[in-house]
Amino acid sequence: MATVKLIDYEEAGPEVRAVYDDIMATRKSDWVNNFWKALAVDPALLRRTWESVKQVMAPGALDPLTKEMIYVAVSATNGCGYCINSHTAVARAKGMNDAMLAEVLAVVGMANETNRLVQGFQVELDAVFADGGRKT
Amino acid sequence: MATVKLIDYEEAGPEVRAVYDDIMATRKSDWVNNFWKALAVDPALLRRTWESVKQVMAPGALDPLTKEMIYVAVSATNGCGYCINSHTAVARAKGMNDAMLAEVLAVVGMANETNRLVQGFQVELDAVFADGGRKT
Amino acid sequence: MATVKLIDYEEAGPEVRAVYDDIMATRKSDWVNNFWKALAVDPALLRRTWESVKQVMAPGALDPLTKEMIYVAVSATNGCGYCINSHTAVARAKGMNDAMLAEVLAVVGMANETNRLVQGFQVELDAVFADGGRKT
Amino acid sequence: MATVKLIDYEEAGPEVRAVYDDIMATRKSDWVNNFWKALAVDPALLRRTWESVKQVMAPGALDPLTKEMIYVAVSATNGCGYCINSHTAVARAKGMNDAMLAEVLAVVGMANETNRLVQGFQVELDAVFADGGRKT
Amino acid sequence: MATVKLIDYEEAGPEVRAVYDDIMATRKSDWVNNFWKALAVDPALLRRTWESVKQVMAPGALDPLTKEMIYVAVSATNGCGYCINSHTAVARAKGMNDAMLAEVLAVVGMANETNRLVQGFQVELDAVFADGGRKT
Amino acid sequence: MATVKLIDYEEAGPEVRAVYDDIMATRKSDWVNNFWKALAVDPALLRRTWESVKQVMAPGALDPLTKEMIYVAVSATNGCGYCINSHTAVARAKGMNDAMLAEVLAVVGMANETNRLVQGFQVELDAVFADGGRKT
């Protein structure tokens, strides 16, 4: 169980309830997952994190499904079980099927393998890749 | 510089040249980057890694640009400078602009932040997220 | 369960018992936690690790509570559940309350986020920060 | 060099300048470091990250120096050179001396060592440490 | 449980069965572990990963037991419970005893400690270690 | 450059000189590498770390070359450039050739890939691998 008490809506103060209400309204759902109930131990942390996640995951230059798949990729690299399960579930709800998940993780596996080969051999950067290929 | 000698085409044996030729043919380019020249110290490692990368990064359930952005996301999480620069360059060549790169990294940053909050508070998984939301 | 047999006091040899005795005397407690019972598979590893932990976590230029909070911060970054729970418990026993824990993890989350933004964008170091600001 | 163009004050638009102005006012300084100049490629990312850092690093249940030392500890664990140098410099400016830095890193080293020993031996959690020692 | 359905031999198609058959023949065993049953969601991923693992873990310049111990060392550093348990079990079957496991993990712990001390202090490389000591 | 002043033999106090002398005597060399010169900022940290490294890397159930290769494997996984270069150089001095280095890193790459596939799919442990295959 969590190292802080999870705070349910009923026992939450007005600051926390306001965030929970916005989470549910934004997601068109009637519940809040445990992550937010743990952050509620610190209402400022809860609000800041939710506002950030809401802003970052909104449609922009990338669509929300691509963003969720990147979230899964990072969480798999970090080995965070809660994060992998919850973001895989959200990505599925947004349209990711088994074939797409398998390809996300195939890239994750390959990137983790080649990252360590590059580092292990201490390969120096090719001049053409300097600055990540920007031309400005 | 690398911890093994980088092997140029001119000094490479036939096994290594065959892989280099396939890399250049696949990419429609006339050069091979340093990563492959380091792996060439072990021709079997070179061939296996190239065959895997070629297969994983080919179009499939996900398009090649999405795959490159996931590669960048993992490499940023692992802090591999060569990998970040080279895959950012390739992603740019495939159509990623500054706005898309900034959103990739914004998601990477947010996922790394929330991964550690989840782990730091040891949040238990909500039942609805079990098995990553699969229904089978 | 652990990949080696945990060794209880009763079945331990004299080398292991001597370390267990010192752990209990130092902590003014009457038991030894599982971490040490696993290390006891190799008495030299047990002794060396305990002597190091005892030395590092003792009061010095930093107070013991600050050291425990840094331990929690690193363990959260590494996602080690045992380590997070045990060092959070010890930090609580030394005076860390929920508000302090939330701030520790807020910093951990922020550092993990900005570490990846810096790496993802490959930001070059400002001259003024060279050598970590030392003036010698 | 960075994978995006660093944006100086002179060439920045009003959204970016407003954040730069707040950074300088908050820090009572007359310059902005490269990290923010990279984030400026995406003004929303710049603003959100700065607002978060400002909030998280402000005095609260923990003092600003303790927070900076935790930032250094996480950055050392992640191996982010820019982050280590810049936050070490800021921590020094807030009062951290060599002896304190050495103790921060001694704890970081010890935590990274024991985290991996715990994981490598797959040690099961002692019941007394469940929930990080909370009593609620 | 896994985020994809594990595929048993009975329900597998011919591509998957062919890989399962080769796994069992290579290992002289009559079952396949869950890792492969998860990868079977994507037969190309399954085949590629198995062919790679078979090639990498075969006897070569290093013997198979040394390779398994390196696998355990990396898995302990990454905190992957499944990987630690399964590769520890395989290493034991190949001759690793408790004393050897303890030394593997002692080196893993020490390397993780000193890696972070080096990074935390940002130690510059001695000239004699450039290129990992190669003389070519 | 390092975030603390590197301390040369000539300017070191007697505690530090005693450790430097032991390093040189143990290694039968006439110099000390930068890592130790950074740790010398805290003589207790220097002594403790050196005593631990000397003990851990000595011949035991594993030979010193195998231990060095495990050190390289962990350092490659963590991306510590100093550590990779220095331990690769030491391993070469102890007999590791290019073919062996390539196999070490091939295993490191494969382990990092499959670690993330296991975590990404959240594969549950097979009963036979429980406790890492120990029978006690």
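We just call them A, B, C, D, E and F in the order they show up, numbering each chain from 1.
We take it that a residue touches a chain if its C-beta (ideal position, glycine included) is under 8 Å from a C-beta of that chain, and two chains touch if they have at least 3 such contacts.
From a predicted model like this one, the values you see are computed outputs, not experimental measurements.
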item	value
C-D, A-C or C-F - pair sharing over half of the A-B contact pairs	C-D
Contact-richer chain pair [D-E vs D-F]	D-E
Chain centre separation (chain E, chain F; CA means) in Å	19
Centre-to-centre distance between chain C and chain B (centres being mean Cα positions), rounded to whole Å	33
Chain centre separation (chain B, chain D; CA means) in Å	27
Contacts with two or more other chains, residues of chain D listed in rising order	1-4, 39, 41, 49, 52, 56, 73, 77-81, 84-85, 88, 99, 101-106, 108-110, 112-115, 117, 119-122, 130-134
Chain contact topology (line, ring, star, complete or other)	complete
Complex contact set, residues of chain A against chain E	79, 84-85, 88, 98-99, 101-103, 105-106, 109, 122
Residues on chain F engaged by chain D in the complex (per definition of touch)	3-4, 39, 41-42, 45, 49, 78-80, 131-132
Chain F-facing residues of chain A, complex	72, 76-77, 79, 81, 84-85, 104-106, 108-110, 112-117, 119-122
Touching residues (chain side chain B, partner chain E) in the complex	1-5, 44, 48, 52, 55-56, 130-134, 136
Touching residues (chain side chain A, partner chain B) in the complex	1-4, 6, 33-35, 38-39, 49, 52-53, 56-57, 60-62, 66-67, 69-71, 73-75, 77-78, 80-90, 92-93, 97, 99-104, 106-108, 110-126, 128-134
